[in-house]
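Chain nomenclature is as follows: A, B, C, D and E, assigned in order of appearance, with residue numbering initiated at 1 for each chain independently.
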Amino acid sequence: MPLEKKEFKPKIVAFCCNWCSYAGADLAGSSRLTYPADVKIIRVPCSCRVNPMFILRAFEKGADGVIMCGCHPGDCHYSTGNYYARRRMTLLFSMLDYIGVESGRTRVEWVSAAEGVKFSETMNSFVEKIYSLGENVRLGDLRCKN
Amino acid sequence: MKYSYYPGCTLRTKAKALDAYARASAAALGIELVEIEDWQCCGGVYPLGSDEIATKLSSVRALNEAKVKGQSLVTMCSACHHVIKRVNDDMKNVEDIRVRANNYMELDEPYAGETEVLHFLEILRDRVGFDELKKKVTNPLTGKKIGAYYGCLLLRPGRLLNFDDPENPKIMEDFIRAIGAEPVIYPYRNECCGGYISLKEKEMSKNMCEKIMESAEGFGVEMLTTACPLCLYNLNKSTGVKLPVVYFTELLAEALGVKEEIKEEVQAL
Amino acid sequence: MQRIGVFVCHCGSNIAATVDVSKVAEMALMEPGVAHAEDYQYMCSEAGQAKIAAAIQEKGLTGIVVCSCSPRMHEATFRKAAERAGLNPYMVEIANIREHCSWIHKDMEEATKKAVILMRAAVAKVNLNTPLQAGESRVTKRALVIGGGIAGIQTALDIADAGYEVDIVEKTPSIGGRMSQLDKTFPTLDCSACILTPKMVEASAHEKITIYTYSEVEKVSGFVGDFTVDIRRKARSVDMNKCTGCGVCQEKCPSKKAPSEFNRGLNTRSAIYTPFAQAIPNVPVIDREACIKFRTGKCGVCSKVCQAGAIDYEQKDEIITEKYGAIVVATGFDTIKLDRYDEYAYSQSKDVITSLELERVMNAAGPTHGHLERLSDGKAPKEIVFIQCVGSRCADDRGKPYCSKICCMYTAKHAMLIRDKYPDVNVTVFYIDVRTPGKNFDEFYRRAVEQYGVNYIKGQVGKVIPKPDGKLLVQGSDLLDNRQILKEADMVVLATAIEPNPDVRKIATMLTASIDTNNFLTEAHAKLRPVESPTAGIFLSGVCQGPKDIPETVAQAGAAAVKAIGLLAKDKLMTNPCTAHSDELLCNGCSSCENVCPYGAITYEDKEVNDHGIRETRRIAVVNNALCQGCGACTVACPSGAMDLQGFSNRQIIAEVDAICR
Amino acid sequence: MNPGKKQAEMIREISGVNPLKCMKCGKCSATCPSYNEMDIKPHQFVSYVVNEDIESLINSKSLWKCLSCFACVERCPRDVKPGKLIDAARQMVVRKKGQDYLKADEIPELLDPELPQQLLVSAFRRYRR
Amino acid sequence: MQELINRAKELLADGTVARVLGWKAGDLPYNPEPAYFETAEALEDFVYNGFCGANLSKYMIEASKMEGKTMVCLKPCDTYSFMQLIKEHRVDREKAYIAGVGCKGKLDIEKIRARGIRGIESIEGAELTDDAETLKIQTIYGEKSLAYADGMLERCHVCKGKEHVIFDEQIGESKETKDAERFGEVERIESLSPEEKFSYFQSELGKCIRCNACRNVCPACSCRKCVFDSNKFDSSQKANVDSFEEKMFHIIRAFHVAGRCTDCGECSRVCPQGIPLHLFNRKFIKDIDELYGEYQAGADIDSKAPLTDYTFEDAEPSIVGKRG
């Protein structure tokens, strides 16, 4: 069978904190605000639960983009979690950029439980960015790609 | 105690007394003031613009020379002190200015604010100590009611100059006390005399100085003392109340008993 | 290997119209560990829950995945259903195929594909779930209130009225706090002592309240429901049981030069003293620094004149250890030091005073016996200038960045009271903004202007100039007139910024309660949990949390009491089982986790471990499950992976990542 | 970009001041010893920069009345430092050719025997490029 | 060196310490290795010269568990690591007698070899007491010479300074060696295009054989068990099967030591493949300095580490894309 060039369907992982961003995603859903199905959400208690290992693991396993959403600074359910997350992700993303991974493949957005519109707009713009960057060939275990 | 000394342009001309009495007093106190070589005028006013580099270079040269010698840099004139101290702060803390100034300077080793800038009054307070100074006074100015006139440049901005409390300073009062006289506090001692405005706006400056003089006299001041030639000039132009205004170094020389030795010399200058 | 059941909900047509639910169920059966899969119209209905229960029991399921709406909607429902069927509720995971899938996608094929992936991620996670048990901890039915000002008194009264024991710890010799120093209160102008004293008496007489004055909290250990606190009762040198409060000792005391704290140092007091006439307890203390007996060994007048024989020079500090279920912080405030604002000549003229000093000047028990007079020469002032925002709203380190909130109102109060009592005195107020949000507040301020003729000038003062004749020259801006004003005054009153009591930093550290850059205690949530500290069991009352006036303080004091009562009313506390847990064999003891824990839930123990035959004592992180709220900050701070979060473990999340990227 | 905006940006740049920090308390104007000589008052300087009306500032008398005494800089509670804004505006004028406030020809008649060098130097720096 | 040995003997003799942790001569003139010395006789093998680059602070984790005090020889830069280990409760200050030894820069045998100097028999000028600016190297092909600075480790060219941040006594003189910008190479890489960056690191990290030498030598990598050796993340070490794994390993390793790494440079010194691993750590240090204020791990005992601290105004992660 001849190999067909498959249409690029990116894999995008979104980590959302339980209290703000996951609720914001729920609100986007109940408001029927669409965004591409390429985005899959993983619920975590707080953005500070997101370990850089998770993000690298996603890339290793073939993700084309990873986005993390949390409560706005100052609004963290646990007071300070997103502050730590912000520093961690800033440094991690800077490192990825440093080794030549396009900075557009990673993003952090603060989305409150009331910001269904922002959630959907954020996902739309992020997916669009990933489409423009194309398949993530630099990272990833090539065996995971098919 | 050996220091690099930056006299400044006015101390070479109109304010020779400020300089001569300072040198005589320093010698009497065992302080060695070594005039740095080829110093250039500091410019009289600190260039406030954050993009002004060239106008700060003369200060940087003086600062660097003291650094090379491993000495602190002593100033006598309030204006020189203000300018050099602030430029030094820029060199230490403002990267942009540091980099650009060093680009101009082409020094062997870049200058980054290493030199400590001290006003002669600070030497008296922090190095000699007013208590020590008191012991060395041979001719106390007992009974004289002297008002310190600080003006602006020694005190402000307080956070940068770190000289004394800008609103309620006491270094000169402590100095006056140490030389045996009675300091008199009056509220306008840190109010501006008009500064350089007196070149073109003589009335403005005159009015300001009158206010200062009146206030001082009201509180019983018999004589004012200052560290700034321009303050002295402006205060002397006041037409209302007229109190004598002298440099603090002259008082110091008198108290240390070295004034008479060089009086003629000073008058000849 | 788990036996997992997957239940796919149609949610009527909410899901089924866009997602091929039977396809999802069918695909589920191909996932590892899945032993059962079905789809149904409404999984959350009773019939749906019955289907789940039946499958759990019939197929011996060890875990279930419900593909339905958001877990924020029905996770609790399905957990309860599972529990009823004998399954640990934490063996339930939800795949959100409604809000995150069917409602936002239109194409059925695409939505179904996504729903399958979300189902797979949930199955992958459940495969690694372990049964979790909510823990229990006991609650000591006693509360501690730190600080005996109006906030502490009100909180204590409310808790005591609900039937619980309360202890108040107050640093000074009497309860009463700042409010006892005030003369009148806005906006009603009633006398402060008249409304405060009855509360003080009520607190001291309340059978459920114990008051420890002249005492400080020394050490706090334990956690919500079960705190152990050491209280240091400083030596009073007076036997509280014997003293009758007759006051003769104070009269006869020959040492009368100590500055009176109560009168803000404007006059002096004796070495043996009660801070003010209505003090509670009405038992004096000896200020050992000022006392001649303690300084020189000679004197002993108070002991000789005391009929009750209550004076005890030998008395020593005493440490009391007590257990508490809840702790309320009510440490209050002080005015800032003005040494960096000498343009207002505070240190140069006695006639420049702070507003709190003016309260004492206006008060009948104050240094001037309530007569408005200049402190320099005792003359009656004719012109008084008030300067607002002294040290408040300041961007640099001289003052405070926040609005002190109470100054506009008390300045209006002072102006009004002066104009009322001394109509020939002119009052000028320099203000930047007049901030009067509050019931009857703006009306009050307007009354000061319209009825009492107080001259409000918009603009700050630049300098206060003492004149040789003793008057003060106030140089200020009139921004509306675009003028610089030189105003002669007899007195200048500075509305000085307030700051939290400096001791609060020490107390917050002991309580592991967080504190902001201005030393105000941080609330658990700025909007929704304003009287709770993020540290469980610690509640905030009064100005220690942020600037506020008396009505607000009392309201917050009541709210803090209710929160404390809500805690004390429980016999046991159920703890969230999704907490962090440290693997003692992997822990390095490096303290990284402790440094990011917002709840002080992590401590270190030297513990003997057996690491594959090597027995040694190691410094190991231990999580207190009663305090841990499960944020997970520690898990990422931990470099060795020793710290993990139950319910959201590293391996569970990685399994989800893998399932999504597969 | 309109010229006002560009000039305002230049002033911000030269002075290093963020005028938006101003809370309009007027303490600078309350402090200024030259207040009565100024047509645009120190506190107004801030709003002129915010409103990008730099032409008026440049043409104001105030530029030449400010003593650089730093009293407003010292006392400003918001770290706005109007004195620096005024100096920046002055710089913009004197940096243009032919805009010096002090002409060399007028100097001789301003002199007197006591006049210290410092005064000339300072005035030169503030008034001329 | 003799002063150091004498002092060690004294301390052993008077019972102040039970052992000495230093370096002993290897089989070649340039490979001394860390060693414990428990007797005066054993100290005959003690050496301290330009090749004693090894940072001994990490050994103190084990030595802290031993009976009695250990005299540990720490170079100025090593004291930072030791201080950091105290801060993390990994070593016991009471169990250490710190001899702050002088340093005039340490040598890198690879750099010497890269100059074509092979077959080395002996090296003169590498002693601490020598003031020689030049190394005289006897090789089987005859005598070669090399400027000392040209043989120095990269880390010595960007030295943090010759002050010991913690010590019980200081022995021996130091000499400033800093003559390069610490972040120069990081800045060079930052200025490359994503493609160039990627290919640079691809080629460098492609050399990694996952020997774990970097991890084993790193004083910050002091975990009892590395995450890459446990099953906590399903990430336990496997044979290299794809190009990503070593990237993941090195990024995570750098991340785990971010804010804790003192930039001691041991990782690069020991890498048998010559991978400039310090460039990862230094990138984090540079970012931390720029974004959160200058921070030097191990400089003190009580400052908050940047990753366990925050401010409300911290930069957003989007700064990465914006910085370009």
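Operating definition for what follows: contacts are C-beta pairs under 8 Å (C-beta built on N, C-alpha and C of every residue); 3 or more make two chains touch, one makes a residue touch a chain.
Since the structure is predicted, the reported quantities are computational estimates derived from the model, not experimental observations.
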Contacts common to subunit A and subunit C (chain labels): E
Shortest contact path, subunit B to subunit C, counted in steps: 1
Higher-contact pair (C-beta pairs counted), C-E versus B-D: B-D
Closest chain to the centre of mass proxy, which here is the mean CA position: C
Chain of greatest Cα-centre distance to subunit D: E
Chain whose Cα centroid lies at the greatest distance from that of subunit B: A
Subunit A and subunit D, separation of their C-alpha mean positions in angstrom: 51
Gap in Å, rounded to a whole number, between the CA centres of subunit D and subunit B: 25
Geometric centre distance via CA averages, subunit D-subunit C, whole Å: 47
Residues within subunit A bordering two or more other chains: 51-53, 57, 74, 80, 84, 88
Junction residues of subunit E, two or more chains touched: 227, 233, 235, 307-308
Overlap residues in subunit C, where contacts from two or more other chains coincide: 343, 396, 463, 596, 637, 650, 654
Touching pairs - complete list by chain label: A-C, A-E, B-C, B-D, C-D, C-E
In the complex, subunit E residues that touch subunit C: 65, 87-90, 222-227, 230-235, 256-257, 304-305, 307-308
For the subunit C and subunit A complex, residues of the former touching the latter: 70-73, 96, 98-101, 103-107, 110-111, 113-114, 117-118, 121, 514, 522, 524-526, 534, 578, 596, 598, 629-633, 635-637, 645, 648, 650, 653-654, 656-658, 660-662
Residues of subunit A that touch subunit E when the two form their complex: 51-53, 56-57, 59-60, 73-74, 80, 83-84, 86-104, 106-108, 138-143
Residue ranges of subunit E touching subunit A (in the complex, touch as defined): 189-190, 192, 194-202, 227, 233, 235, 241-245, 247-248, 251-252, 254-255, 258, 280, 283-284, 287-288, 291-292, 306-312, 314-321
Interface residues, subunit C side, partner subunit E - complex: 583, 585-592, 595-596, 604, 611, 616, 619, 637, 639-641, 644, 650-651, 654-655
